[in-house]
Each structure stands twice: as structure tokens, then as C-alpha cells.
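Okay, handing you the structure first.
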Amino acid sequence: MQGTISDASVVAAPTAEEEAALRELYANFEANNLMPLWTQTNDLMPFHPRPRAVPHVWKWSTLYPLAQRSGDLVPVGRGGERRAIGLANPGLDGRAYISPTLWAAIQYLGPKETAPEHRHSQNAFRFVVEGEGVWTVVNGDPVRMSRGDFLLTPGWNFHGHHNETDHPMAWIDGLDIPFSQHNDVGFFEFGSERVTDYATPAFSRSERLWCHPGLRPLSGLENTVSSPIGAYRWENTDRALAEQLLLEEEGQPATVEQGHAAIRYVNPTTGGDVMPTIRAEFHRIRAGTKTPVRREVGSSVFQVFDGRGAVVLDGETRTLEKGDLFVVPSWIRWSLQAESEFDLFRFSDAPIMERLCFARSQVEADAR
Amino acid sequence: MQGTISDASVVAAPTAEEEAALRELYANFEANNLMPLWTQTNDLMPFHPRPRAVPHVWKWSTLYPLAQRSGDLVPVGRGGERRAIGLANPGLDGRAYISPTLWAAIQYLGPKETAPEHRHSQNAFRFVVEGEGVWTVVNGDPVRMSRGDFLLTPGWNFHGHHNETDHPMAWIDGLDIPFSQHNDVGFFEFGSERVTDYATPAFSRSERLWCHPGLRPLSGLENTVSSPIGAYRWENTDRALAEQLLLEEEGQPATVEQGHAAIRYVNPTTGGDVMPTIRAEFHRIRAGTKTPVRREVGSSVFQVFDGRGAVVLDGETRTLEKGDLFVVPSWIRWSLQAESEFDLFRFSDAPIMERLCFARSQVEADAR
Amino acid sequence: MQGTISDASVVAAPTAEEEAALRELYANFEANNLMPLWTQTNDLMPFHPRPRAVPHVWKWSTLYPLAQRSGDLVPVGRGGERRAIGLANPGLDGRAYISPTLWAAIQYLGPKETAPEHRHSQNAFRFVVEGEGVWTVVNGDPVRMSRGDFLLTPGWNFHGHHNETDHPMAWIDGLDIPFSQHNDVGFFEFGSERVTDYATPAFSRSERLWCHPGLRPLSGLENTVSSPIGAYRWENTDRALAEQLLLEEEGQPATVEQGHAAIRYVNPTTGGDVMPTIRAEFHRIRAGTKTPVRREVGSSVFQVFDGRGAVVLDGETRTLEKGDLFVVPSWIRWSLQAESEFDLFRFSDAPIMERLCFARSQVEADAR
Amino acid sequence: MQGTISDASVVAAPTAEEEAALRELYANFEANNLMPLWTQTNDLMPFHPRPRAVPHVWKWSTLYPLAQRSGDLVPVGRGGERRAIGLANPGLDGRAYISPTLWAAIQYLGPKETAPEHRHSQNAFRFVVEGEGVWTVVNGDPVRMSRGDFLLTPGWNFHGHHNETDHPMAWIDGLDIPFSQHNDVGFFEFGSERVTDYATPAFSRSERLWCHPGLRPLSGLENTVSSPIGAYRWENTDRALAEQLLLEEEGQPATVEQGHAAIRYVNPTTGGDVMPTIRAEFHRIRAGTKTPVRREVGSSVFQVFDGRGAVVLDGETRTLEKGDLFVVPSWIRWSLQAESEFDLFRFSDAPIMERLCFARSQVEADAR
């Protein structure tokens, strides 16, 4: 096993007889479902992660009109299940995977449409960069979707969506489909064709039970593997970030680094990540701030929520506007630059890396 | 080792010679700091907990005037440190312990007074049944105290109090002093004679950083043994309980039992108890509801926050009004009866019992 | 997202105009690295795991002679690093992966040969089905390899092997290479070309420090993510299994099911799996016993250590002899049948499934 | 709350009128089960632990003959339950407590005697400094007791003892009786008057199932709060300590400090302490070694198992021989000095201190 194998080390000028013997050996290997390690030119064990996935930016100005056009041309319903368009990493052979572990898609629901209920082992969330008017119904609990909200449908919870308005709505779906697919862990079940509850309450039951800071219902003392909160509202996220920046101005420790406020969405029963495979965070960067150059094991996806700025991906600067998405594959250098106050939603496979003890990260001393 | 020892089993009609020999043996034991187990009449190992502490009710209508009178007669400051009056369990030999593990006191701070800063290993909290105008300063962070608030000063955090108003204020202190004292675990250090910050912000820095439901600051990813939240505000507690009762009315699982809403104050970094030795909860019981008869290993203290009702302690009914406190020693039967909507704050040593695996509880089938 | 997608549901008899519009939409998708979900015929979200990997048996009588022949023809050393021949699952497109997560190989070391030192993020172990005479040197600690021993080289530990004898030796390597490769988590570093210590002690330092049942050195109170034990000796495994069967004969609960003794190799600092991604167990089945039909999420590899029997893989019975290996992909039914007393080593990716909460299993009531 | 309270600070030269008012106030306090904090002269919150328990040594040469004499004069059986003589700390008011948390006793069983079965919440162990011939039967599993063995009867396991020989045997019992008593957590139940199994196997079933290093039975995958191992045999302890000293001689890290080998008895399902309230360890110190001066929160009891040496307790040197016991109360300085190779068994309440986050320790730089 090695980094870059030089075959030279293996056979130095073999004789014709030796070559014939080797050929026979290799034919025998193949006939018996065996593969010699020492002739493999591809890197089974590279010196550091060398992802096939590449850094890439998708522009919201491209994405949204295509989703809209799909709304005109393609129905939604049982079978297709969702009008979702996956972001396909150019390095991943034409599969709709944004990274080896993560799926990201724009989902579009027309006026009065319903996406039928189903459930699956795959963990899912939605993040709303604009719009309102759709309720997602998770295990019978209707959850309003509005700009800035982060919504959960952890594995094996029934969920469907319906649009109560006469305007369409689009949002981002994030799932662990590629991970589940590669590792053969997925189960799927159809539910009701219509959602089970068309009520449109301002707050879901999950929020009414769980969204009181530091207070845990005595009816919910058992820890759960995923967060019981159905929706993390923008108002709370915004306030938390604003307070961090104010505290920083008052000279108090509160931000993750100078000019960089950030929160992690967590499971209130444990304080840990919202789902076993997906981490979600929200970052706010002061105008003029550049974050240090980082690289991490595992892949991340960001979506710009507000403001203007840029990301430097492996040395290349890409400007960003509201709605733009980009992926940072494993061990690729990245940093953010805020032209105005710059708000970004982030999700990643970090819980996988941490739970399996593969996490590593590096911050470069000079971030200029 | 035994339950109820009958000495009869040990020596059945000894001869005079045998008695002399035993007397000599026991004298030798005493001379050598030894004690035979078999002659002990006290119960080292009872069949079930037989606490020396007794159930007891303290009336707010008695407590508060005495605290007020102390305010007239006794100064506060370095040395005495606090104008606090401990609730002394009648069964505990005149020590100011409300139970073998817990301390409860009423603390009284006159207009413009300051209680100086200090810190100690003992975990402490305050609960405010009425009044406002005092700020407690915890490690330099000023925390407003208002009716219904639950405030933390976990072990080894500097803290002092000051009253900014021209009226006095009283509240309840809860600590693990008896546990710490019995087990010889306590350290103490004087701090500043004046509090380090006389600012009077509406919200402490700890709340501004931590009190956003489901959101964790990236600057606070290390778990802490005690909650980083300085104050759990009444508005949140009240709303959480109201929602539970509304959800119950809507037919949803939310309350701990019919007509009985309850929250536990928790550490947001873990979802567990606020401090390693003390559990704190708030209970709201619908008018007309009687809770099942329970008994638990470990001791609890309740304070009525609002409403009228009664507690049945070991079969005896005691009516309760706002501010009244009562203690439930280990394994004593108790149940609550709500005449009006009935709000109670509760604290207990349950984390000790659970972490050391001594927890047991029993609910009686028929609570009539 | 879907189970079995019927495209029919999506577009029912489109007009020529509609078809042109769709064609244009899809071309736009492709141009912008997007993929519509609703036209995918492959199953992103199957009803249950449908692994591409297939159940397969490799015969030791085939494997060993091919390894031997490699020993004649192929040198070992820096560059190729190891003379290892990977078992390539016929369903996995000619990659040397026995399952999507696991790598299994036979490694062969000739008389007096050294496999140079290196380290990598990938977790590795060795299991010795026959032979002796090689020492693996793990972070400088020489570990004897003998029949029945299970040996660890957890991620990022330097390790090399050397054969001190004048006869060759072969064993099984197990790693999480496919998982690491798919998820881009791997780092690799060359170490010394020769092993750092050619001593040949009967027991490694790790065993001398850690292999005393129930006793933990005070110098090792920090928990470690992988087991600190370098070698789990056959004598202990054999004795543990023998005792379980004896206890079963005495009517005591000890076996995992009637006639089926089994141990899991564990990390003594936690009682959990030896490494974060790999579970290893040893199973002993009484002659005549058939185990219930099971299926589990995640993949397993077994090697027959002793005895004769069979495995039923997805309904097909395959007879097995000493050294034979087989793989059970995710959610494939399997059961074991013991003709004689039947000893099998097993390893799997179960820690991945459990830590990420994807674990599921099913035992069929009637195993006939 | 205070360190050392000077009442001077409270009332500076009161007038007669003030004195009368205070007297009335204090009388009111007393009448209402209240206690002012500011007049307490005893230290509720000392600057550091000031245990009432004192350091003390009990000589085996005194203990054993008194136990023997009890064997002549006092029967054993239902009611008295055990012929146990508790070591009563001189500072603890004539209670048979060696510390506020721990109980230590010498138990003596005559030829052919049986101590009847019972169970209790209190956690118990036995340590055998000399002798053999008794079996303790724990939940029906007969466990041989021999010199150097450490035996567990965790809370709520039935246990009785019987002596199969015609010579007496004595050993040390350790329990958490004082902790349980103070905190009102104990339950007790009588079992069979005779032990349920008079078999005398060399090894208990618990050992046969669990004492294989690094191997966990698949029938025992649920973690248990206490260790499932009934007996930790001297042979294993001795070998573990001998290996540590050999490894130290070879220049390897293995001992806890130079010349000081030590193991902790652990629960193999977790790697943690054997019981929730009691830690047990064994220490071996090379001839001529002096350990650094330490102090720790919590109390410890040591028994000399072999060799000669001394303990320095709070500055006072006490020489020690085989069988001698001593107690180190909380925050008392101690160090050990080995004249010959010096073997000591130790138990403590450290799990209580750690689980409740009161643990602190200090090692002095210069241990001379």
C-alpha cells in the first residue's frame, strides 16, 4: 500500500520468462476475484485526501430560473416524489452528488401543489434562502417554511410538503444520500399521497415543546439521536449572531474569531449535532473581514444568505451573491471575504468524520 | 449488618463469665477505635431509607417578615458575607440543613446594599418568588434578578449581589452545602468587597450568548460541567408551560401527566442538569388536578410561585400559598393538589442519586 | 427522491413542443452541473439496501498457492510496500474492495523478508489463520504473530513486518480502505525502510501492560479511540469460547444463542470496539448447530479458522473449510451450519453503522 | 456563607435595645426552624476541606486477635448477619465510619460457619490479606476467596459467605455505608439463611465469562453500572505490577511514576471504576522509593499487603507492616516510603468526587 507507486520498484527489467510467469499469475488473480496491490496505479492510500470531487460554485441566478422552468414543465407527485434538481459535482462522474457524502438540491413547489409523504433512512434538512408559503409536515406536525429557517426531517420520519399560496416557492434540500448509497444503509417507505395535516400554524408543535432556551420538557427526558426541533427560526439565528458581534464590540469573548460570528444548530437533548451525519451552521462575517485559510477532512456546502463577498477555493477567488452555493471537498483550502456584512448557511459531514475519528483540520497562520 | 437488629440473636443468656469476657472484648474494641457491628442498635442498613430529616412546611408569611426584621438589625458585608437565613430541618439536630444534601435560605438585601464577592466549590442558585432590583454579578457578568427568574452560580464562580434600588429584595438561595460539608469537598475564596461591575443590563452576557433555542455559539463548543446560562427568565418558563397545557388540550403528548406541565432547567451544552449536584424544575398544575402519590430516593424542596393548593406529605395535607416552601426527604410519599392553577419551583439532589446509581422511585397506582 | 421511479408518472404523453422544451431544460441542467431527480432510473433511495457488492466465497486452497506464487515472482519493499492480494468483490467493478467499506487481503512474507514501516489514517488489523515466525512492529513495539492471533494497527500508528524464519508466512489483512477512499479521509506517511526493532519477544509491551483482565494501569487512565492492545492471543480467545460452551452445558447463560459461543474483541479503556470503524469477533458453533437466518445493515467478512461447515448466503449453501473467506454484503440473509465444531473469525463495519445510527438487523423466527 | 466568620463584623458594640431586638429575632428564628447564617461560628464553607475525620493507623497485630476473640465469643447468623468489626475514625464521634463516605471492617468467619444471604443498596467489596477457604456466594455464583483477591458485591446483589474448612478466615470489607446512611439511599432485604450454593469451584462463573483480557462475551454487550467480575485474582494483579516494573527497567513508560507501579480494578464493560461509589487500586513501590506528597479531595483507605515501609500522614511518619490499615481523610497530605518492595491495596470514594465534579488534587514538587 502506498502513496505514489513506482512499478519500477517491483520488477526491474524482468526476463521474458518472468514476464510470462507474471502474466499467468495476474490472469489467475483475475479469474479468482483477486487483485494484486502492487500493480495498482491508482492511489488507494494517498499522502493526503485527494478528492475526486472538485470545488465548485453554483449561481442562484442560474439555479432559480431553471427550477422555475421545471415548475412549468414537470409535475410533482407520487413516483417522482419531489421536483428537486441536484447539484452534481463536476468531479463525480455525472452523479447528482455534490460530494461523496452529501446531496444538495433546489426543490421547487408550485402554487397549491403537494409533494406526497414518504420516509427514508437518509437524514434530510431544508434551508430557505427566500420565499414563504410552504408547510412541511413531519410525522404529522405541520412546519412553516420561511426565509432563513432551517428545517429538519431526520431519518425515518414521514414528511411531505404543500404550498398553500398562489405563488411558487423554492428552497435547498440537504441529505446524506451519497453516503447512504455508497454504504448500503438506506430504507424507504411511501406514506400518504396527500400530507396528513393541511393546517398552517405559525409554529410547529415541536417548536412549541422544545424552543424555550435551557428548558427541557419533563415529557422529553429521553435523549434522541436527532434533534426533536422541526424548525430553527431565522429570528433566533439572526439575534444570536447579532449578539455575538455586539459582545465582540464590548470586548467580550463571543465570536469564533475576530469579525466572525457563528452558531451551530444543535440537538437540545444532547447539545450535539442535529443529525448523526450532518452538521449545520450559520456564519456572519463583518464587512471587510477575511477569515483565515482553513482545510478540513470532510466536505462542506455553503449557501450565501445575504450580503456580498467572495470565497477563495484552493487559491481561486470566486465572488458570491445571495443564493449562490459552493462546495468545499475534503482537505481543500478555503477562506471567506466579506465585502458587506456577509451571511452564509453551511452544512457538512463533520459528524461522520468526528464519530469515526477521521477529523483533522489545519488553519494557516497568515490569512492574507 | 442488618435491618432491625435484635441483640437477642447474638447472646442468648450468657453466663457471668461470658459477660465478663464480652465486656473485656468491647473495652478492647473501644481502646483501639473499633466498633462491633452486631451490638449497634442504630440502623446502619435499614430496609428502606429512614431519613432523620422530616417533611416540613415553612410559611412565606412567617419567613419574609423575619428576613425584613434582619434587614433592620443586621448589616451585610465581608465576614458575614450574606444576610441569609437558613431553613433548618427539625429532624437534623439544629443544623441549618433543609435535608442531608441541600441548603435553602431566604436572602435579603436592603436598598443600595452590596453583598461582597466570593467563590466556593459549593454549587448555588437563586430563585426569585417576588421583587426585583438586584443584580448578581457572576464572574464579572451582571445578571438581573426578577420575579420568576432562576439564576445560577455554579461551583467556583465569583459572585456578589447589589441592590440598585431604594426598596429591599428577598429571594431563595439553594446550595449543596450539607453534602459538601459532610463529604469534605469545599474550598472558599474571598473576592472583591464591592462587586466588579455595577452595570444593570436587562440581560446578562451569558444569556445573550446562550439563550437562543437550539443554537450553540461556535466559541462555546466545549461542554461544561455546569450550565453557562446565568439566568433562566420567567417569560420563557411561563411560555413553555403554557404551551404544554395548550398542546395537551389539542390532544398532543406534551405534559408529564394529565394536567401537569413541567420543565427541567438544563445545561445547553449537554441537555443534562444545570449543575452536578442540583436539579431544578418548574411545575404547573391545572386547577382541580391531583398528582399521583410518589416517593423517590433523595430529597426535594418546593416553593410555591403562584396559585393555591396543597401538598400531601406522608399522608398529611398541608395547604400552601405563594412563597411557602416545603421539603420532601428521601422516600417520603408526596402528592400535589391544585385548587387554582398552581405553579411550583422545585429543586433536588437527583443528579447525585442518578450519577451514583442510587436513584429509585415509586408511583402509586391510585392517587386518590 | 424515490423508490422505484416510474417515469410514466412524470410526463404522460408530452406533445412535441413539450418534448422540445424538456430537452432544452435538460441540456441547461447538464451545462450547469445539475441533475433532475425525476428522470433518474437508478435507485438513489431504494426500499431497502440493494448492495452492488455480492455475497462471495474465496477458497483458501486457491488463495494460498497464489500468494505463494507471488512470493516467488514479486519482491516486497519500499514503493509496493506490501505483498498483499486484495479480495475483489465481483459486484464492485474490478476494484479490490471486498465491500463498500472493507478491504480484505492475503499478505505473504517470505523467509527473512521485511515489509517496510509506514503509517496511514486507515485502520488495520491482521488475523493469522496459520503459521508463525513474523513479528509486526507497531510504533516500535514488536508483536509476535501466531496462529489464531488477532493483531491491531489502528490509524496513524507506524508499522512494518519482518519474518525471522526461513519459511514463509501468510495472514489476512483487514482495513477500512474503501470507506476511507470514498470519503476522502486518508493520510499516509513513509517510515523506516527497515523495522525499528528486530527483537522477537513472546509478548509485546502493549500486552504486558494491558492484558490483565479487569486491571488498568494507572499510567493509562486516558481513554483511547482504538484499543491499546497490540495482540489478542489465541489462547485467550480459545479459553473464553470453551468456557462459554461449558457454562451453557451447566445451564448458565453465557452463549449468544444455543450452541453458539462468541466474543467481541474490545478496547479495554472503553469496553467498546477495537477501532472506530471495524468490529472484530470470534464465533464457535457446536457440531450440528444451525444459526438463525439474520440480516444486518453493513457488511461483514468471515474466515473459517477451524472445523467444517457451511454458510447459507441469500438462500445458497456454500460448504467451507479452514481458511475459506466469505463476505456478507448489507442486508443479505446469512446463517451458519456447523458440521464439526466450527470456528470462525469475523470482522465488519458495524461501528460505522452504530455510530451513525444506521444499524438495523433482523432475525428470522424459523432458521431451518 | 463564610470562611472564618468574625462576628465583630456583624455587630459593632450594640446598644442594650439592639441586643434585646436581636435576642427576640433569634428566638423567632428558632421557633420557626430557621437559623441565621451570620452567627454560626462553625465553618459551613471553609477555605479548604477541614475534615472531622483524622488520619489514623490500625495495626493488624491488634485487629486480628480481637477478631479472633470475637470468633470465640460471638455467634454469626441471621439478625447480626456478619461478624464484622468496623474501624471507627477517632474524629467521627464514635460512629463506625472510617471516613464520611467509607466503611472498613475486619470480618471473621469460623470453621464451617455460614454468614446468611442478604442484599442492600450499599456497594461492597472484600479484600483478602491472608488466608483462604471461604467462598462468597454472589447472586448464586460461588466465588473463592484467597490471599490477594479483590471481590465484589455491588449494590443489590444477594450475597452470603461460608467457610468450608476447619480453620477460621478473616478479611477486609469495604462499603459505602456512611455515604448511604448520610444521604438516605439504602434498601435492605434478607435472603436465604444458608447460602444458595455450597459448591467450591476454583473460579466463579463470572470469571469464566469475563476474565479474558480484551474479550467481551456477545451475551454481555449491555454495559453495567458495576463490574460483572466477581473476583480479581491475585495472580493477575501480581503479574500486572511485575510487568510494569520490568517495563520501567527496560526504559518504557509503564509505571505511574518512577518506582511506583499501580493498577486500578475496572469494570470491563466500560473501562471505568468497579462500582459507582468506590474506586479500588493496588500499588507496588520499589524498595527505597518515596512517593511525592499528595493531597486529594475525598478519602482513601490503604491496607499493606506485603513488605515494610511507612506512610507520612500530615507530616507524621508511621511505620507499616503487613495487614496494617490507614485512612487518609480529604485534603490531608500523604506519601509512601518503601523499605522493602511494598505492596498496598487502596480503596477510596474518588468516583463520587469525579462524578459530582468535586475532585481536586495537588502533588508537591519536592517530596523529600
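Order as written gives the chain letters A, B, C and D; numbering starts at 1 within each chain.
The definition used in the following text is that a contact is a pair of C-beta atoms (placed from the backbone, for glycine too) under 8 Å apart; a residue touches a chain by one contact, two chains touch by 3 or more.
Predicted model, so just to flag it, every value in this text is computed and none were measured.
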| item | value |
| --- | --- |
| Least hop count linking subunit A to subunit D through chains in contact | 2 |
| Chain whose average C-alpha position is farthest from subunit A's own | D |
| Centroid distance [mean C-alpha coordinates] between subunit B and subunit A, Å | 44 |
| Separation of mean Cα positions, subunit C and subunit B [Å, integer] | 52 |
| Chain centre separation in whole Å, for subunit C relative to subunit A (CA means) | 29 |
| Where subunit C touches two or more other chains, by residue | none |
| Chain pairs that touch, as defined at the top of this document | A-B, A-C, B-D, C-D |
| Parts of subunit B lying in touch with subunit A, wherever the complex brings them together | 205, 208-219, 221, 223, 227, 229, 232, 236-237, 239-240, 243-244, 246-247, 252-256, 262-271, 281 |
| In the complex with subunit A, residue positions of subunit C that touch it | 1-3, 5-6, 8-11, 18, 21-22, 25, 28-29, 32-38, 40, 44-51, 53, 56, 58, 62-63, 66, 69-70, 72-75, 77-90, 94-96, 100-101, 105, 118, 120-122, 155, 177, 179-190, 225-226, 276-277, 297-299, 329-331, 349, 351-353, 355-358, 360 |
